[in-house]
Each structure stands twice: as C-alpha cells, then as structure tokens.
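Look for chain A in each of the two complexes below; its partner is chain B in the first and chain C in the second.
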Partner chain A sequence: MTIMKKLLTSAIASTLMVAGAQAEISNNTVKIGYLADMSGTYRDLAGPNGLAALEMAVADFGGKVKGAKIEVVSSDDRNSPDVSSSTVRRWVENEDVDMVAGLVASSVSIAVSDILEEKGKLGIVSGSAASSITNEHCTPNHIHYVYDTYPLANGTASAIVKEGGKSWFILTADYAFGHSLEADVTKVVEENGGKVVQTLRHPFPTPDFSSFILQAQGSGADVVALANAGADTTNAINTAGEFGLTQSGQTLAALLLFLTDVHALGVDAAQGIQLTTGWYWDMNDETRAWSDRFLEKTGVRPTMVHAGIYSSTIQYLKAIEATDSDEAQTVRKQMMDTPINDMFATNGRIREDGRMVHDMYLAQVKTPAESKDEWDLYKIVRTIPAEEAFRPLSESKCPLVTGN
Partner chain B sequence: MSEPISHADIQKTMLQQQKAEQRKKQLLNLVLLVLLLAAPAVLYPVFLMKILCFALFAVAFNLLLGFTGLLSFGHAAFLASGAYTTGYLLSTYPGLSTEMGILAGTAAATVLGFCFAVVAIRRQGIYFAMITLALAQLVFFFFVQSEFTGGEDGLHGVPRGYLFGFIDLSNNLAMYYFVLAVFLGGYLLVQRIVGSPFGQVLKAIKQNEARTVSLGYNVNLYKLLAFVMSAGLAGLAGSVKTVVFQLASLGDAQWHTSGEVILMTLLGGTGTLLGPVIGAAFVVNLEYQLSQGPLGDWVDAILGAIFILTVIAFRSGIVGEVQKFMRKNLG
Partner chain C sequence: MSEILGVPVTVLSGQLLLGVINGAFYALLSLGLAVIFGLLKIINFAHGAMYMLGAMATVVLFDNLGVNYWVALFVAPIMVGALGVLIEYFLLRRIGGQDHIYSLLLTFGVALMIQGILTNIYGVSGLRYSMPDVFKGGMNLGFMFLPYYRAWVIVMALLVCFGTWFMIEKTKLGSYLRAGTEDAQLMQGFGINVPLLISLTYGFGVMLAAFAGVLAAPIYSVTPVMGSHILIVVFAVVVIGGMGSISGAIITGILMGIIEGLTKTFYPQASSAVIFLVMVIVLLIRPSGLFGKEA
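So, the complex of A and B:
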C-alpha cells in the first residue's frame, strides 16, 4: 500500500516535472559522472578503460548534443558504498551531474541508484552482476545495461545440460552472490533434466583451491561449475589446469568470467571453459572496427562492460537529442521506446524494470592451437535469444512491474 | 639583593602559567568550534559529516591506544555492529525515531565490546591485538552470512527520519549540526574521561602496568571499562554514519577499516585529544582527493608510504609534532 502510494506520487511528480522541464537541457550542459573501481579488484573489467570508452562515445557524438556541451567527470568508487554515495550526492547536489555511468560493485550500484531515485537523476549500470539490481532493488531511475547473473547461470547451465553434461558439481563462493548463483544454476540444471550431485562452499576469498578441485575430480561429475567471481575464479581455474581437470574428461564451467580474466589466465590454463558473455569483440566487422579503435586508445581489447559503457552512452545522448531534454524520466522513457541496434546489441530493448535485454552468447575458450593471438580467446558456440536469456517479467519482484 | 623565592611564589606562578595555558587551550577550542559551525557554508556537508564520523571513531580508538596503551586491531567490528543495528532497526521499524535507532546501535556495540574485552584483556601486546583481530573477523563472517545485512550488497535505503520527531534530517544542514553535536558530545566525554582520576589510572597503566597493579588498582577492571567505552563510542560513530549515508556496508566490518583507524590515530598523534580528529580529516580528505585525480590507482600505496614515514620520522603525529614545536619555540 505504501509503495503503491509512493509510486503514485512519484509518477505524478515526474509527470509534473516532465511538463515543466520539457525542451530544456539543464544549464545547457549534459554532465556525465563515471564512477567505477579504478584501483581495486574490478579495475580491469571496467576501470580507467571504461572511462576511455565513455570518452570515445562523447567524442563520437561530437562533444555536443543539441548545442549543449557534454562534460565528463570521474571518480574511484574504492568498491565502497560509503565513498560512492558521498561522491554521487555531491555530484548531483553541487555539480549538476545528470547521469552516472560505470557502476561495478553491486553494493555500489544499489546505493547509488537509491540516491539517484531520491534526487531524480539517471544511472546506467554497466559493470554489476547482481540480478537484484532490476529485481527487488529496481528504481525508476536506473538502467542495467550489459548482463546479470540470471543469463550467466541460465545460458551456461542450460546449454551444457543440453549437450549432455547431466551431473553437476558446484563450487560456490560462500557469500550472498555465490549462494544466489548456486541456486540459479541448480534450478536450471534440474529443469533441464540434469542433477546436482554435490555442492561445495569455499570461503571468500580463497587463495588455494587444491583440496576443492581434488574433491571436484573425486565426485565424478560431468561438469564442474564455479559459482564465484574475480580472483577466486581465476585461482580455481589455474588449479584445475594444474590438476588436469578438463583433460580428464570433466567440463569446467565458469559462471562469471571476463575477457580480461581469460587474457590474464592464458589459453593454456583456460582452454575449453564454457561461459556466457553479453558481447565479444571478434563477432563481426562492426565489433572488430570499434575494438580496433579501443585497442589503439587503451592498448587492450574491450570487455563486454567497456562495449556496454560506449553503447549505453551513445543511446543516452541520442535520447537527449530526440527529446531535447536531460530530465531523467523523459530520457529514460525515450530510451525505453527506442530499440537498440548498434555494435553492442541487436534488437536490444529496455524493459520497465530497467533491464536492458539483448542476445547473449555462449562462448568457449579456444585451445592454444586455435588461438591466433593473445586476444583471440573465444569461439561463440551459440546465440542465446534475449527472451530466453533474461529473467522474464512474470517472475519479477520489481514494484514497477508488479505494481504494488 | 633579590629576595629569596618562597614556595608559595612558585606555586603562584605555576598556577598562573597553568591558567594561561588553559586560556590558550580554551581559545583554540573556541576557534575550532566556530570553524566547525561555519564549515558547511564552504565545504560539502556530507563530506564533512563523513570526516566527523571517522573522527569520532578515531577518538574512541585513541581512548584505548593513546591513553590506555592497548592496540586493538578489531575496532571495525564495533563500527559495523553499530551501523548494522541502527540500519536494520530504522529500516525495519519505520515508526522508530532516529535517536532511538542510534542509541540501540551504540548499545549493541557496547555489549559486543564487553564480550571482546572479557576475552582480550587477559593478554597483552601482540596477543591482545591478534585476539581482537580474530574476534573482529568472526563478527565480519557473521555479517557476511547473515540475511538481514544483505551480505556483500549491504543494507540500503535506511531512512534518515526525524530527530525528536520534528527535525527533518533529510535536510543536509540539519543532519550536519546533529552529527556535529554527537561528535562534540563524544569528544567532550573522552576529554572528561581522560582528565578524570579514572583517566589518570588509565595513563598509569599505559606507562607501567606492573607498578599500577602494585599500587593496588584492579588493572583488568580499568582496562575492561576503557575497552567497553571505546567500543560504545565507535558504535555510536557507526550508527551515525549509517544515518548520514542511509546505508550500512561490509566495508565497515573489514579488517581494512581497523587498520585505517590506526593510521588516522598515529598520523594525527596518539595520546593527544585533537590528534585523531586531525588524522581522520587528513586521511578522509586524502582518499577523496586521490580518487578524483589520475593518481586514483595509487591511493593505497600513498597511504602506505605516509604511514611508514609517520612511524619512522614523526612518531608523535601531526598534533604531537606541532605541540613539540610550540613548546620549543614559543614556550
């Protein structure tokens, strides 16, 4: 009831604001704040190169939208919701920032979107994994652009079960993210006729995975799934490589793995791993052309997060151009009404819960023989259609969808 | 011929000197107070509130390290338990007034502090530090695993609410003056504790524990009380921080935070009242400045270098060095 009331008042307020703010770009400047981990664990997947992607988008747009200047500010989130929330508060209260981009750690994204809702600004989350960002934590003021845990679990698990990997061993990082990933995978495996023979939880973080990998080998399961992230995943993969897990006939499935992780591991250690990704640089001419420019600017190939930051910024600026306004709800509505077709997504679409749904891809890490150079890492095994990949709205707990 | 100086004269001049010094101190405090009251006109209030919360945290920590000589490596546990308790209560029971939520958070940290102290004060030095660290890691594990904390996502959307039912804290200025009042309360309390006979015994324990025992003091009881008070004040800082940021996160519970408060205290000057405040302001500001610029990657390295430099070259910290300088050149 109270949420209903809140929604109603915010709807009325936003209609009034839209009416008042139409055809106007505040201060004749569009200011974008880029907030990401610039120095910690998540540096490589977004970090300073994400800022470079954002700047590329602004430059490609000509640095101006409808005569208004586009400004970019950036800050390190230190992976801390405290730091992020004080930065974003200052941005929107004192520095007239219109949109916050980047947003990697889930705790940061949730904290920031709460503030943006309160202040009536827009956030585009590109780096976070948690599917709760557009589920129980959804707000009318943010968009989750690139991927989330639902398609990661869903895409990888259902594909592997269908290929005949019936019995599963799940190695889970022992905290909320790992637990939810484990639950998602278990559900998908069982729905597709597979069976989870054992789940094992490891403390977060774990530097030495030997005993866990030995148990995984001993379990005799067809598939060993890693429901963890970051350094835990790469450590586990390295150990699995040393123990010859894939060579002995088991399939290794990583649920959250970025191009930069695979690059750091090298194809020797990572070969054969199946994973789901939202984008890969070597898919077609368009992605290759953009990635070449990115490589020239930064020295590395882009991850799906980098590409998503570029794409979402272009979409955002286009929406401002079309509506002649930088008011959050006007822009968000325009973005929802416009299908996304660019180098990042084909027929992408932003739903009312803020989830951008687009085709995802099941990829397999190439073998050393197949890989031609250091960034030639994936082969795309299958395209997972958008409607199959993401959590359907019928299962949503987002108040914007359920209406209460 | 000069007249012989009588004992009474010496006493008189000493008293006068003391009074003059006291007046100087009062004047300094007054200037600081005026600066703090006027600060939000120049600086961003949320940033100032963050400094004040960490300053209170460091002041609480300094009560142990600076005045009792106990190095706790687990103070993050108290900050976090205050933060989570307040955050959980305020977001679950919307009818609860903000000050009750903060009091509950402080109480929770105090109780936890008592539990820590009972175990930890039996040992000294490195063993004491390691026991507090181990206990704090247990508390961290509890917060990671618990449902109500939201795991690594944290606890979000804590309402700031109304103070005493009528002051709207969603206004940043109102919130700032409330935080300032809480900070000053905590600061004055520590000042009072340190200046009291109780505080004298704490300082005696720091200087020579064996002698304090031989003088007939129940040293363990004094340590226990100091620990519990320090924990309670740290919890208060955490509670207020939650209300300011409207969230409680795992960052508060990480051992990193326990380390940061040591850095703040050492940098500002242990054993001085103002030191931890200056240290907290310095560290928070440095982190903020570095996160804006191209040196973002280097925050931890730079903090580490400053820490090493302080420990090697300026053992008594910023405030300690300034005091020494004043005494040498102006006294």
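So, the complex of A and C:
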C-alpha cells in the first residue's frame, strides 16, 4: 500500500513537473531567427536594416524576458524557398529557434510557414505582399503583420476610380505576386464602376520599359497601373516620365511602392503618385522619435516593414512575458487576445486567420516644393480604417475561419 | 488605319524604333565582349559588372564631386578601363594559356565581388541621376513621342560601334592587335610589346561596357545588380553573332533589339526568352553563329 502510494505520488509529482516545464520558457532562452533577402532585389525594404530593427526591439525590451535570455540569429534567404526551407529546418531542429521573423518574398513565407506548422513553431511575416498567405495558405503557426495586396488594391485603386479614373491599363509583373495584385485591382476597379481595358504581363525582371509604356500610351486608358515591385516599378516610373505619359493626361498608379523606392526615384520623378502604405515615419511624435533612433543606427529612414519588424517583435516578447511561455500556440493566442496600439499600428488586432489588421494609409508623394529633405516624401491623404482595409473574414478561404 | 496582325502600323513603327535603340545598347555591350573574346580568347563574365561600374561611377562622381554628364562620358569609361588593365595585369595574365573556363570563373568571381561590395555600400534600390537639361523633352514623330535622350543614345552607340570596327579591322594598330594574338612570339620579334597590347585590349573592351553604362545612367535604375541582368542576354547576342566576330556582334545586337521589341508588342510574356530561343535555333543550324567562321 505504501509502495503504491509512493508510486502514485511520484507519478503525480513527475506529471506536475512536466506540466510545469511546459509552462516555462524552453532552454531558458527565447531564440529569434531573422530570415530575409540580405543581398538581392528586396534587400533595402527589409534586409540588414530589418535585422537592426529587430535588435532595437530586443535591446528596448532589456535583452531578457522573464529572466530568459533573448538571442537573435539571422540568415540570407536569397529569395529562394529551397534555401529558406533548409535554413528554417536547421534552426528549429538543431538550434532551438522559437520564432522566425522577417520573411520577405511571398514564396519564401509560404514555404517556411508549412515547416513551422509541422514543427509547432511560430512565424511572423513582415515583408511579404501576397494576401494568400493568410487566405489559401493560412496556418495556425504564422501571423502576417504589415500589409498585403488586398489593401494595396483597395486603397489606391478605389481612390483613383472615385477621382474619375475610369478606364485602366494594368502592367503586371508576370509571376504569382503580380497576378494576385492584378486580380485584386481588377475586382476593386470593377466594383467601383471602372473598367480594365487591357492588362499586359511583362517578364520579371524587365530592364527596359519603353515598349510597354508606349503601348500604355496607345491604349488611351485614363489610368496606367503598375502591378509590380522594386526595380521594375522604379524603372517603369522613370520611363513613363521620360516618354511624357502623365503630361498627355494619363494618371500613373504604382500599387506597391516602398519608401526606399520613392527615395531612389526622388520627388522630381515620383511627385503626385498615390500609394497605399501601412505606416510612414513622419506621422506623429512617436513615429518620428523611433525613426530618429533608427536613422542614427542605420543611416536611413525606416520603411513600413522595418517598423513592423520592430513592433511585432515587441508584441511577441510581451506575449511571452504575459504567459511565461514560448510555446507557439500559447504565444499566438495571447497575441490574438491583445489589441495592438503602438508606434507602428493603430487599431491593430490579429484575427484567427493570422492577419494583423490595422489602419492603413493612402499617401501621396510630395512635390519638390513641399519636400524639405531627402526623406520628406509622403503626405497622408486618407486613413483607411482597419476593418475596411483588409479582406473581410466573410470572404476568407482560410480553413481556420471556414472550419473546413 | 492599316494593321499588321491586329497591330496598327503606327504602333509597330514606334516599337521598331525602340527595338533599334535597345539593340544599340546590346550592340555596344556585345561589341566589348566580342573584342575581348575575339582577340584575347577570354570569356569576360565581368562585363556586366563593368557596365554597372560605368553607370555607378557617373552617379557617384556627380554626387560627390559635381562631375557633369559630359565629363563623365569620358572620365567614367577611362576609370573603368584602367581598372580593367589592372585586372588583366594582376589576375588574368597569371592564367593565360589555360582553358577558357579559368578566365570565365575568374572574371565571374571578380564580378560577384565588385557587385557585393557596392551592394553593401549603396543598397539595391537604385541611385538617383537626373538627365542633363538639354535632353529633357522630346519630339513628336507622328507615330510616337521620341525623347531626345533616346535619339542621342542611338547616335552615340552607332558611332562608337563603327569606330571600333574600323579601328580593329582597317587600321595598322588593329592589324598589330590581330597579329599579336595570332602569333605573339613573332610579333615580339618585330619589336611589338605584346603583353602591353593585351592589357590595353582588355581595358578597351571593358571601356566599351562602361561607356554603355554611362549612356544608361539617366534612363535606367542605377543599382549594383543592373549588370547581372543584362550580362546573360548580351552573351546570347555574342553567341548568335558568332563568338569573336566584331561586325557580327554589332549587327546581331541591333537585330536582337528589334526582335525583342516586336515580341514585346505581340506576346510580351515571351520577350525575355525570345533571344534565347533564337540562340537555340542558330546553334542548331549554324553552330559557329550567324557571322562566325566555320570551326
């Protein structure tokens, strides 16, 4: 009897110990892996400066959470889902990485989130554009934080149609991201009473846009929309300026434009362009104060992705602090239960599909007369409320929402 | 209005003209490659990087020293050419006489290093460079609006191409060059400094690439990766024209610009692949290229 009793108590005790261990932070370390394009096309919008933003967040948190050390590792994804998959496998299997941050190319984010789901770890996507990341490709193990193609189309395209730009010519980068943006824009244009007269798909990347700009001019459309990104967009805008596209009465709309792109173009070439952004450094005292610190550390003003990496890391660490756990589902649930209002997000909350919805902004590039210095680039024209900006859950194809 | 395959003739003439302009760029770049391969048998994978350096130098010289476009048109190619001479003297010379693959790998490595260093310093978003004021605006040709600068590009590119062809094929200096690379020992016997000639030829070849870079600076995004995109296309042009054939490189460059331009009108998705399609067909039918000598 006593033996039975002893066995029973020790069994209960050991169960409790295991349960206790689960509620604690594994290895007494929170390890964050930063994965982004560090050397290619998408380097400047996230890249090494995104790592700097992440390190700022860790330092501001004091380098420790509940007594556990916070460690950061990083790697170049080379814009390759294969390279990224093997990096993330190594991180979670051998190096005890708890959360993967950064995540820029949409194809990389989709590949990595599958692995994270399999391994029960967490991913926070800050750089990717494809709205399918929290739609067809949603998992219970990742969060999409900054923006996606849905508000880009919704914000910019609906504003331009309402201003009278009824007929559209869409110049699309011929790959998944461009196609998804083109579809989202077409839907918004048609819903608002406009018409897409022609879409033209160009190879990625295209160094010379003169031929396509000439065709856009020939189309006679009111609006020439660019459903591409990075160097393709800046090249197309420069060429449109050279060939006098806007002088002949057509409106040029760039659907995805980062602060670094506009900075590269300069206000002379980019003035008047409308764009949708998740954040801008010069919105209020709080954004300016953080951006000044970022500028001091990196030498440039932050993009919305840089700010999103900082904000999401702080939110992640706060969730660990509140739950005393770094287990993915515990942390994700805590993050979903906490409204986000900080330097980056206004009216932010994380939905069950993993989409962080927050206020988005319709911005316009300043004229040379309005711009005071090289980073004084946008004026905010309109705030798009969080609930209106992103794809509503009623249209969602995410199994976490539909229950299928 | 008359049409060809559903495309109005006016639109088509515009696209043809743009094709010729892009072709002039291809011609200038493939010409440098053809000179270097034809005379030195070096497969210069650093050619794209040298094109990029020409454009970057134009922007950086302007930003830091206020050097204007006209000066850059001379200074930037000379600087890049000098770098080329150094690369030849300190690196390529040491693997002279080895298989082609060695020069290919060496120049590829050099290109990656230059590109990586500049990416670290300048990022990849592109540097701003505004066009000289005289070129702002353009003329209406009836079928299209032609920016003055594009007209300037085509004139300059064709002049330099013709000048290079003339110098190598028709002058005494050109004959020394060709002879020196055929039989170096014999030429040394005649008192010609062949190693110097080789260094200068490599320097001249990369100068042509840098010159194309300066021409590109006002109209394309100037970034450290701009050369890597165009390099492969230009190699295809050289292969189609016949490795080492100078007039072949020029004519093929312009021809490929036109074919690419037409593809952009009729089936834009294929425009980045069409040159490689032509390359495959040419290699199957005439392995030595359109203008190459039969091996």
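Please note the rule applied: the second predicted complex is superposed on the first by the 382 of 404 C-alpha atoms of A that agree within 3 Å, B and C clash if a C-alpha of one lies under 4 Å from a C-alpha of the other, contacts with A are read in each partner's own complex, and residues count from 1 in each chain.
We adopt the following convention: contacts are C-beta pairs under 8 Å (C-beta built on N, C-alpha and C of every residue); 3 or more make two chains touch, one makes a residue touch a chain.
All values reported here derive from a predicted model rather than from experimental measurement.
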Partner chain in contact with A:Pro81 - chain B first, chain C second, else both or neither: first
Which superposed partner A:Asp268 touches (first chain B, second chain C, both, neither): second
Which of chain B and chain C A:Thr260 touches, first, second, both or neither: second
Contacts of A:Arg382 with chain B and chain C, given as first, second, both or neither: neither
First (chain B), second (chain C), both or neither touched by A:Ser39: both
Which superposed partner A:Ser211 touches (first chain B, second chain C, both, neither): second
Which superposed partner A:Leu200 touches (first chain B, second chain C, both, neither): second
Where chain A meets both chain C and chain B, residue numbers: 39, 43, 174
Chain A residues touching chain B - in the complex, by the definition given at the top: 38-39, 43, 48, 74-83, 85-87, 89-90, 93-94, 106-107, 110-111, 114, 130, 132, 137, 174-177, 179, 204
Chain C residues within the chain A interface of the complex: 11, 14-15, 18-19, 21-22, 116, 119, 123-128, 130-131, 138, 144-145, 147, 149-150, 219-221, 223, 225-226, 229-230, 261, 264-265, 268-273
Chain B - residues contacting chain A, complex: 44, 46-47, 50, 144-145, 150-154, 156-157, 172, 241, 245-247, 249-252, 287, 290-292, 296-300
Chain C contact footprint on chain A (complex, rising order): 39-41, 43-44, 174, 200-203, 205-208, 210-212, 214-215, 217-218, 230-231, 234-235, 238-239, 242-244, 248, 260-261, 263-266, 268
